[in-house]
Every structure is written in structure tokens, then in C-alpha cells.
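One structure coming up, written as C-alpha cells, with questions to follow.
To keep things simple, chains are lettered A, B and C as they appear, and every chain counts its residues starting from 1.
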Amino acid sequence: MTINTPVLSEPAATDAAALPTSRVLRLPRSPKVIAGLVILGVFAVIAIIGAWIAPFSPNLTNESWVQHVLVAGTGPGTHIKADYYPLPLPPSGAHWLGTTVFAQDVWSQLLVSTQATVAVGLLAAAISTVLSIIVGVTAGYLGGGADEGLSLIGNVFLAIPGLPLLIVLADYVPAAGTSIFLVSFIIAITAWAYSSRVLRAQTLSLRNRDFVEAARVSGEGRVRIILVEILPNLIPIVAASFLFTTLYAIGAYVAISFLGLAGSPTSSPPGLWNWGYMLRETFANDAVRGGWWWWWAPPGVCIALLGTGLALLNFGIDEFINPRLRVAGLSRKAARTLGISRRPKLGLTPVVRRNVINVDVAGAEPGTP
Amino acid sequence: MRALGRRLAVYLLAAWVAVTVSFLLPRAVPGNPVAGAIARAQSSGICNVYCIKAIEAQLGFNVHTSIWVQYVQYLGNLFHGNLGFSWSENAPVTSLIASYLPWTLGLLGVATILSFVAGTAIGVVMAWRRGSFLDWLLPAATFFQAIPYFFLALVLVLIFGETGSLLHWFPSLYGFDIYGVDPGMNLPYIGSIIGHAVLPALTVILASMGGFILSMRNQMITTMDEDFVLVARAKGLRTGKVVWYAARNALLPCVSNFSVAISLVVAGQILVEIVFNYPGIGYHLYGALGALDYTLVQGIFVVITLVVLAANLLADVVYVLIDPRARQEA
Amino acid sequence: MSGPGVSALTSPGSSDAPEFAPGGDVDPVLEIKGLSVDYGFGDNAVHAVAECDLTLGRGRVLGLAGESGSGKSTLAMAAIRLLRSPGVITGGEVLFHSKRTSAGEPTPTLDLLAAGEEELRAVRWSEIAIVLQSALNALNPVSTIGAQFDELLATHRPELNRASRRDRAGELLELVGMTADRLRSYPHEMSGGMRQRAMIAMALALDPQVMILDEPTTALDVVTQREILEELMGLRDRLGFAALFITHDLSLLVEFADDIAVMYAGRLMERAPAASLFRAPRLPYTYGLLHCFPPMHGERYRMEGIPGSPPDLRDLPPGCAFHPRCKWAIPQCRQDVPKLEPLAGSPREVACWLHRGTATAPPELMLPDPTAVRTRSVSVIETSGERAV
């Protein structure tokens, strides 16, 4: 998230005046946002229907799906029984992304893995967001001792590095890999603190606004004020933090799967197929050196793409929250027509005589300048 | 100063929480994974009776003193620098970590500093020359920010690594040429270290720079809208000075955000080390996890936490140095 | 925008400021002619400033008054090419008549709108300086006042060494009533008044010919406001710079300005010597402003505000932008945009159809100009006609 909050001093809330008064999150229609939405849309669809459209089960193996290469020093001509080692098949009509060294279909694995990865990402982000709202908004609104206490807890969680803690937690809870909820919960524990600080800062600034004062004076209950007056104004920030946390959660889930802490689909109870696990297998089997790019590249590319989509959307929301980040100034077409740079130099306000503009805009007969 | 004191208190508290979590987990988790680990240790043949006893004491398995007594002992050991015994490496955890740490810190330190400096500088230029061709860096930076560290590592190995397929420029395994050179203060060794550090460092730099670029760019754009930048222009100061006025102020939130960034970089580096078999803490953590060597895992967790907390504190100190407003009593 | 709430009127300007004599005998230092500024472009362009003519006389104080959004800051910033994007200047000239003739100094007349970057740099701060509303935002927060002075002087006065620069900075601070040890302070360590003084001292560092003051005291409490303004005027007397004083508070201008110009919806609507404007407004808008606040003494009368609200610049009413709120509007006001033109027989200018041609202005807008003799205490707004008690 690009909303920067100073650690040392109080986090600077986005200028309350700059926070859009509209409660609806109206995203600017920039290409960034649209690209982000498209990417997310695609992955969301695959996450939902992936398991159904996969041509094979991800665990399914079939002798014919690997090349059998004779191990040197065995077989005919030697007195050792012929031994073969498997070589994955490159992409073909039957296997769009080829096969793995275990004779499984990569495309099916990829489709099915999308589901768990995306689900854990979203669920972890949801849990984390709820936690951060509860802690952050309460701390910001109540102030005083409650604020001190909650902030302290938040700061402590923030200071402890996320992945190492996650590793330790997942290490001791082997069942983590089998349950989306459990994994999401553990990831959420390490992720909530950052958002809660941002929300606290924003709540603090909102608390002093007139409409909240008015509600307080007119006797509205605390909970009602928080729910009805404050929360709706936090929606853009909550949305941005949700996206950021999803990005983090997917990265975290992939990381712990890669480290082997999220179980394996072939163990019992079975873990979930996810991109991180696919990468673990490729790494454990030296897929890069083997040149089996169809096996190790797709999961990584998917992670990068999904992450980029989230980041782009996050960008869009950041621009909504902080109007200065929008492409203010002249549009490209305008700048070109006027013959000036799109972002003129500071201190050199462009001078474009009005009659010149009229000529181009109206499309009328060019008059004499 | 008081602000720094409060931060220090938070970090001390965080360290205590981490240590306590590390103590409680093996004792609190149902399903007894510890038993499995000890069984494996016993069957490995490396671990003798004393070794097993030490592990049991560390993990609270088969121990008949109260939890409180164990806790006090645990803390006492910690303060004496005793993090337990690793059966898979057959050595005290502390000495093991002491040998891993310099590799990690060296790589991390160099890569992070380079990445921060370069990323921040690029962010400043991008913001100042907004609307120019540099804006194409934006989607690139976003993409690199999203790409997982270890995937980038795999890609770099593929393209540049000796074990990859394309260019074979740089070594892609280990911290130095373990077959070719002898460790020590000699040139071939040092040269080998640098050569082997190129790809891992490049990975960390590329993966983390995107975040620094975007962060500084956005902050700089916001700062450039401030009146004092306009006044600096109005004063007829040279362009470089005006940019400096803005950048110097935009840097502040970026430095304070650095604390969060360092957590992520450390996480990424762990994975990068694994891919490159780079002999740092991350790589050995991977090994320890695979071997179910819980004492080593715990020890590494505690040390990583302390390192990150120290880095956070350093960032806070730097912040106080560069922002005169922070020196005021709150 | 506030009207005069004080009862004591000082005579605007100082004793040696030239009288604004009929016939317009003024030595201009900054001439703004037909300046138009848009925000944005094409159909979406907002015409923030439309064809404004303004002349700042050497050594004079010109007040520019208007509500928020009337375009006064835009006008001033655009004139010196400091307007931020997406502002675009769409017409006009801004002539800076420098009087310095020693070798190496800027050429006598410069059109700021046609100037290049280097020419602007030569003029900025050394000839034209600005003071903004909030010194906390206008001063670099991470740098001491002394360092900021040092950078400024090092850029423009390379012949000075560090010690001389420090001395000069100290002198400047003392000029505004601060002690030289404040050079070591950071902006946040000073009070609002001190910061504003520091800003003023910095603006005066190079002895500029023109000072543009954009709401310099709005952010201060009333007492400090007065102190600073009086000090400013004292400095003006000593150093002789011309000042463009922008504010929404008409009462300040009445005391401190020689002439006042009133802006509404991006156009200049009236320009007159301060006393004349205050005692005998010609523009209905000015009249409305002056009557927004009751005076402390004199007859009681029913307060009138100005009904309605300022127009959206993207959707201006046809003809005179003020006509929907004007109680004396005539049909022509709805059709044609009035131009700022001199009134017969006086250097005053007004953009109002009531004062032109066949129209007769109401008596409230036809009060006689005050004579040259000014008294120090005027407590009553002279009116004619009925007033409800």
C-alpha cells in the first residue's frame, strides 16, 4: 500500500479534506484500473470453475505422460535390469502445459491450484481486514487507555516479522495445510497490524469532524456512530488495505507451501493444491536446470500476474483517495493540441493564446493568429 | 528522544512476545509434532542420549518440571546466548547461527541499501519528470513489486545462471566456490564470494526496488504540491535545489515505511537463499524444517526477529535524525 | 468576504506615497493587461480569470479583494508564471518595468508571459517576491531559517561569503523585529507570527521592487495580524517596494492599501483609491460587501447581506456574473458583460452597466468621492436614503 504512515510519529491520516466525501468508491477510469479489474476477473473465474474445466485430476498420473529415458549403464548390453527415469513432456495438444516429472498434467494442476490460492488470499485478507477494523477503529475512536493498549498490541505484531512468525506457526500446526480456513487464519494473524494502524489514524481524524461531533452530541450510541458515521467513510481505505493484504496473503501462502509447511496433496490428510506447492515440486526436482519451463514458469507467472492485477487496482484506489496522484494536468490530447508538455515545469506556467485554442477545438477555419 | 524510547519499549516487548511464542508453541500445540521430531532425531544416529535430553528440555517434551520453571530456564539460557542444540547439524544452535548470519546480513545489507537508494532516486526522477517516457517504469515497477522473490530468482538463474539455459554468466549455487577456493582472507575466496553473491543480490534488489520506487514517487508527487516547493521555485533557486527541497521532505514517510519494507525483504531473502543454496539463515531454515529440527527452527526464528527489530530501531533513529520535528517531545 | 468592522480608519498609504491624482499619473512597476487564465482545456476549461487589467504603481500598495474562488490568487500567481498545472494562461501581457539600470541588471521592461526560464529566474525574488498565507507550509520544514536564508543569498549574491550571508540574514530578521539567534530555529519551533515575519524577511532579502502578498495574515490571530501589517507598511515606507496585497478581508485593505481592486468570478469589477472605494462604492457588489457588517458606531440599520451565492465558474450566468444577486440589476445586465472602464472625470474604474450610458445609478452608488483631506476617525458609513432602524 502506498499510503505511507510514519512509524515514529503518529501516522499522518490522509488529509481529511482530501478524503472524498462521496461514500461510494468511484474508481477513476484509468487504464491501470481497468487492466487490474480484468486480470482479477479472469483469475476469479478460473478460481471458481477451475476444478470443473480441468481435463484431468491434478493427482492423476499415467505412464504415458512421461518420456521414459534409459538410465545410462543399465538395460541391454549390461547385466542390470533396464531402469528408466521419467522426463516430463513439453506442451502438446493433449497437455496444454505439458506434464510433470511425476506424470501429471500441469494445466489441470494449475487450474485446480488457482482455487486454493485465490481462496486463501481472499479469506486471509477478509479475516485480517475485520481484525484490523475492530482494533484500529476502536483504538482510534475510544482513545485514551484503550487506544494505548490496542496500539501497543498492534505495534508489537507489526514489529515481529511476518514470514518467520508464519513459518513457526505453520511448522507446529501441520494440519494447517489441509484447511483453507486454518491457513487463512494463521496468515491473517501476521497481516492485520499494518492496516489497523492506518485505520486508526484515519478514525482519529474523522472523529473530530463535525458530523461525528453532531452525532455524539445528539446522543447516538458509540457503536452506532462507529457503524453508521465512521465506517462508511473508511471504505476506500479499507478497500485498499484489503487488496494489499490479499497480495501479501497470496505471497505468504505460496511461501509457506514452497517451504513445505502447507502439507501435500498426497499426504494424509491431503493438503491443498496451490501454486506454491507446484513450485515446491518443481524446485525439489530441479525443473529449472532440466529446462522444463512449462512446469515451473506457469505458477510463478500466475502469481506475478495476479499480484500485478491487485497492485494495479490498489493504485487506482490510491488515486481515488489521494487526488494528487491522479493524472492531473492536461490530457495527452489536450497537451498535444496546445503544443505544450503534459506536465509543465513548475514555475513556468504555459502561455497559450486563446485564439490558437479556438482554432483547433472548434475545427473552424484557421484564422490569423 | 522520548519517541525513540517508546519505540524501543515496543521492540523489547515484541522481542519478548516472539521469544515466548517460540517457547510456548511446542508445548501448546496438540497432536504432538514434537514426539515425531524426537523420534526422528533418535533414529538418525547422530543424536546421543545427552543430545536427546537437551532437545527434550528445550521443547518441553517429557519434562516434569512446571511450565514456569521451564520458562525461566529458557529465558535464562537465552540471555546466556544458549539457544539449544541442533541434532541435525550436531552443534549448538548459537554457533550455527553465528556462522550463517554473516552471509545473510551481508547480502541483505548490501542489497537493501542499494535497492533503497536506487529505488528512491528513480522515484524522485519519475515524480519530477512526470508525464515523460519515464512513466513507463510504472507498470514495470508494479510488476516487479508483485513478482514473488523466489520466482524472480528462478528466472534469473534460468537466464544468467550457470545452471540455467541461456547465458551462464554467474554462479547460481552456494555462497562461494566450495570446490575451487579455500575460505580465508585470500583474493580468490573474496572474489568467489562476490561472484556468487551477484545473482542473489540482484534478485533481492530487483524484487524490492519496485516498492521503493512507487513509494517514493507517490510521496514525491504529494510533496511537490506543497507551498514550500512553489516558494523555492519563486525564490529563483536552481532546479536541483528545488528538487532537493521536495525530495528531502518526501523521504521522511519513506524512511518510516522502511521498517515495514524490511520485514518483507527479509521474508523474500529467505526464499532467495533457498533457491540459490546460499548459506545464510534462510537456507538453513529450509533444511531445519525439512529435518523437523525444531530447536534450530526456533533459534533461527528468534534471531531473525531480533535482527528485524534492530533494523527497525535503526530506521527509527535515522528518522529522528532527518526530521527535526520528530525531535520535539510529543 | 468581510466588510469593515472597525470604526477607526487610518489613512491609506503613507505620507510619501503619491496621491492617486486624476489623470492617472502613475509610474507603473507591474502592468497586467488583459490577462486570462484557464484551468484545463477545451470544453472543460474553467475560465478562472478573464481579461484583467491591473496596474501596480511603483511604491504603491494595491489591494486585490474578492471571495474564495474569485480568481485573485490565480491572477497573481499566473502573472508571475507560478501557477500550478492545470492552469494555462490564455491571453494578455504582464509587463515588469524594472527601474534598475546598473549594468548586468535585468532589462527595463520584461513581458513575464513571454519570458523564458532564465529571464524569469533573473527576476524572481530579486525583483518580485511573494509571501504566502501559511508560513508553516511555505517554509521548508526540515531546514533551519538560517539555512534557508543562506541558500537564497548564496544563489543570488554569490559575492558574499558565508559569514556575510549570515550577517545579512541576521540584519533581515532584525528588520522584521526578530532576533538573529532565530536563524537556528526550525519553522515548527516558532509561533505563527514569527514564521510570517521570517517569510517577510526572506522576501525582502534581495530588496525586491514588487512584493506579492497572498493573504499574508489570514492565518494569524487578529492582534498579530495588525502588528504584522503595521510592520509591513513601515517596511514599505522605508524600503519603497510596491505591494500587491491579496485578501478577502476588505477592512484590512481600507487601512493599508492605496488603491483597491475588487474581483468577482474572475473579472475585475471595480478599482478605486481605498478611501473612495470605502466611502463611495460604485459597484453593487462592493456596496453589498461593505454593508455586510455593521459598524461599531453610528446609526443602527438593518443589515443586508448579499443574497445567493457565488457562481460556479463553469456555469456563469449570461451577461454580468453578479446580476442574479444584484438588487439594482437592469435588463442590460442580463445580456452583456460589462467591461472595466473609467468613470467620467475620475481615475476610478468600474464594470457596471448602472454607471454607463443612459442608465442611472441608485443614489447609494453615487456618493461623492471623499476629498483629499482625510481624517483619522470616521465612524459612520455615509448613506443616503432610507434605512430601516
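One rule holds for everything that comes next: contacts are C-beta pairs under 8 Å (C-beta built on N, C-alpha and C of every residue); 3 or more make two chains touch, one makes a residue touch a chain.
As the structure is a prediction and not an experimental result, all values here were calculated from the model.
Novice: If you take the mean of the Cα atoms for each chain, which one ends up farthest from chain C?
Specialist: With centres defined by C-alpha atoms, farthest from chain C sits B.
Novice: If you tally contacting C-beta pairs for every chain pair, which pair wins?
Specialist: A-B
Novice: What chain lies closest to the overall centre, CA atoms only?
Specialist: Chain A is the most central one.
Novice: Quick check: how many Å separate the C-alpha centres of chain A and chain C?
Specialist: Centre-to-centre distance between chain A and chain C: 52 Å.
Novice: Chain B to chain C: how many Å between their CA centres?
Specialist: Distance between chain centres, rounded to whole Å: 57 Å.
Novice: Averaging only over C-alpha atoms, locate the centres of chain A and chain B and give their separation in whole Å.
Specialist: Measuring from centre to centre gives 21 Å for this pair.
Novice: If you look at chain B, which of its residues touch at least two other chains?
Specialist: 225, 230, 233-234, 252, 323, 325 - these are the residues of chain B that touch more than one other chain.
Novice: Got the chain A residues that touch at least 2 other chains?
Specialist: Counting only residues that touch two or more other chains, chain A contributes 329, 343, 346-347.
Novice: Show the residues in chain C shared as contacts by 2 or more other chains, in ascending order.
Specialist: In chain C, the residues touching two or more other chains are 82, 84, 120, 124.
Novice: Please output the residues of chain C touching chain B within their complex, sorted ascending.
Specialist: 80, 82, 84, 120-126, 129-130, 132, 134, 137-143, 151-152, 155-156, 186, 188-189, 202
Novice: Going by the contact rule at the top, pick out the chain B residues touching chain C in the complex.
Specialist: Counting only chain B, the residues touching chain C are 225-228, 230-238, 241, 245, 248-249, 252, 322-325, 328.
Novice: Quick check: in the complex, which residue numbers of chain A touch chain C?
Specialist: Where chain A meets chain C, its residues are 328-331, 334, 337-338, 340, 343-354, 357, 361.
Novice: Quick check on the complex: what are the chain B residues that touch chain A?
Specialist: Interface residues on chain B, with respect to chain A: 3-4, 7, 10-11, 13-14, 17-18, 21-22, 25-26, 29, 31, 33, 129-132, 139, 142-143, 145-148, 150-151, 154-155, 157-158, 163-165, 214-215, 218-219, 221-222, 224-225, 229-230, 233-234, 242, 252-254, 256-257, 259-260, 263-264, 266-267, 270-271, 274-275, 285-286, 289-290, 294, 297-298, 300-301, 304-305, 308-309, 312, 315-316, 319-320, 323, 325-326, 330.
Novice: Considering only the defined contacts, which chain A positions touch chain B in the complex?
Specialist: The touching residues are 2, 4-9, 12, 32, 152, 155-165, 167-169, 171-175, 194, 247, 251, 254-255, 258-261, 279, 283, 288-289, 291, 293, 296, 300, 303-304, 306-308, 310-312, 315, 318, 322, 324-325, 327, 329, 335, 341-343, 346-347.
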